[in-house]
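Please find the structures below.
Paired with subunit B in one complex and with subunit C in the other, subunit A is shared by the two complexes that follow.
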Partner chain A sequence: MPTLKVNGTEKEYAEDEFPNTIANLIAEMEMDAKAVVAEVNGEIVTRDLFETWYLKDGMEVELVQFVGGG
Partner chain B sequence: MSTSPLVIAGKEFSSRLFVGTGKFSSPAVMKDAIEASGTQMVTVALRRVDISNPGDDMLSVIDRNKYQLLPNTSGARDAQEAVRVAKLARAASGIEWVKLEITPDPYYLLPDPVETLKAAEILVKDGFIVLPYINADPVLAKHLEEAGCATVMPLGSPIGSNQGIRTRANIEIIIEQAKVPVVVDAGLGLPSHASEAMEMGADAVLVNTALAVAADPAGISRAFKLGVEAGRLAYESGPGKTSTRADASSPLTGFLRDS
Partner chain C sequence: MRVNEKKARWFEGLTLAVLRAREDPKSDLIVLNGYPVEYEAWDKTLVKDSDDVVLIRRGEIPTAAEMRAWVQSRHSPGVADVLAKATVGIAGVGGLGSHVAHALARTGIGKLVLADFDVVEPSNLNRQMYRLADIGIPKVDAIAADLSKITPLVKTETHEVEINQHNITGIFGECQIVAECFDRPEFKQMIVETVLTKMPGKTIVAASGLAGTEDSNIIKTRKVRDRFFLVGDETTAAAQGMGLMAPRVMVAAGHQANAIVRILLGEME
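This part shows the complex of A and B:
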């Protein structure tokens, strides 16, 4: 079964449920895409590319957002 | 009352109080505190989304037309991590400003001077406007200025400690020598601490914990605003010198006595 490592956590998907794009991944996780930026295998992916950036089995994805900080 | 504006990287700020957004009990409390502080610059941090609980977007309550956002690199333990966070923050926000913060030591959160200088050089070359958080080291401050940093931000005392300015002698040297604005960051616990920094000639102060943990964050934020304004006005007014001996404020002639 295909996997993704999302924010350090290994996720396994059924063949037909694999999120093919970052947009799909974010939607599946019920996040607000406007607030998020992604890094896939160490490369930054900005919001405008979420729909067209294709994910493949075994990729490492980091999804980050702003939080309060000093 | 109006004091001279602060200019950082060509941008003018009428408020000399920068506010951090951590540790507030809710976004609404934070928003009220930010408004009461009169600030025009607020810091934010970048973190992994909690996959099990994505939560609210912090930025949604902060009006980006009103406030300059200053993403920080908190959590970074070396230059490489800081550069990575800065680039992600720029991609997330489109903002090139960054508060460079590298704190490998978890107990005192003291900034690493070697890694900070290394990261500053990389980020400046990459087009960032870099505001480095540093220990109150005048030599390091000069190196960072020469590397092209937009400010230097020496600490008063450890982050969140509310101890006030324990590095006074070194901050005085930094202020005397700096050609970029000096922002006293970290450890300021009371408006009098902020006022002290401004009276010393600091260009601005950055406060977070003192505002966020107070019983009335909006109340103390306004108090800090007044403290900063009072200190700056005093500095610009050229206060009198101190002396060890008394210097009478009433006339020394015409006393009601003989000879």
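This part shows the complex of A and C:
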């Protein structure tokens, strides 16, 4: 079964439920894509690439979701 | 003994009156170990070798050199020199940014680059470091004027402009560190992403989750990755029924300012 490590937690997926893109993973996490900074395997992936950046089995993802207020 | 934070010559029988005549005859207020001494007592108050005396000329503003000596005397050795050479950017001078700017200015930081497109509005005064007389004035101008009244040591560069992903690199190009002090989450996202991908060597200290009256102690500073620090509880968003209030905003701003000082001093690897 494919896995992702998301914000330090190991996640296991059924083959047909693997979130293929960062955008899909953000949706699954119920985050707001326009307020998320994403890092995959140590590299920042910019927001304009969320839809087209493909995740693969075993990748490590960090998602930081900002909330409003300042 | 020390006079105005500098070592001074002491002898048995030295009185405050004699000390004042020797060190600064124009001073009109004497503070001995933190307490003002009344004029009538200057003649009969003996000074000990362990005493700390401050001679003040009331109403006189210290020069930059004198101010630097005061700041240095209150910091650990070497700290003031590091901070005096630093340039820090503040993206947004609202609730967070206005307080970050004040805190950093008081540390003796060399230069602050302040950017915000907004003017001061009455609704800002519940949490932002502005005054009634500032209403209607561009925030960057109001804060630069205020900082100049606090210390002659900090240089300010102001940008009255809405920040976007194209002008960030130009505005903050000479800063070692940028404080993200925006209100809206998509602006926070934009500047963090831009600094991390387009500004190699620069560090961003962002904030997320500081609304309301939740516990102060759940506001944390964490290192997310190289060059990216995040302050806040990461949960409490500003919303209807979850307003932004001065105390908690100031807690977060204090975290940001302290993180910046620690990064500059190499204490936060």
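Some points to look at:
The criterion applied here is as follows: the second predicted complex is superposed on the first by the 64 of 70 C-alpha atoms of A that agree within 3 Å, B and C clash if a C-alpha of one lies under 4 Å from a C-alpha of the other, contacts with A are read in each partner's own complex, and residues count from 1 in each chain.
One rule holds for everything that comes next: a residue touches a chain if its C-beta (ideal position, glycine included) is under 8 Å from a C-beta of that chain, and two chains touch if they have at least 3 such contacts.
This structure is a prediction, so every number in the text was calculated from the model and none was measured.
Comparing subunit B with subunit C, the partner in contact with more residues of subunit A is B. In the superposed model, A:Gly8 makes contact with subunit B only, not with subunit C. Once the two complexes are laid over each other on the shared chain, residue contacts for A:Glu60 go to neither subunit B nor subunit C. Applying the stated contact rule after C-alpha superposition, one finds that A:Thr46 touches each of subunit B and subunit C.
Judged by the touch definition given at the top, the superposed model places A:Ala35 against both subunit B and subunit C. In the superposition on chain A, the residues of subunit A contacting both subunit B and subunit C are 32, 34-37, 39, 44, 46, 62, 64-70. Residues 6-9, 29-32, 34-37, 39, 44, 46, 62-70 of subunit A touch subunit B in their complex. Against subunit A, in their complex, subunit B makes its touches with residues 20-24, 30, 43-49, 51, 54, 57-60, 71-72, 74, 87-89, 91-93, 159-160, 186, 206, 208-209.
Of all residues in subunit C, only 92, 94-97, 181-186, 188-189, 192-193, 196-197, 206-211, 224-225, 228, 230, 232, 234-239, 244, 249 touch subunit A in the complex they form. By the touch rule above, subunit A contacts subunit C in their complex via residues 32, 34-37, 39, 42, 44, 46-47, 62, 64-70.
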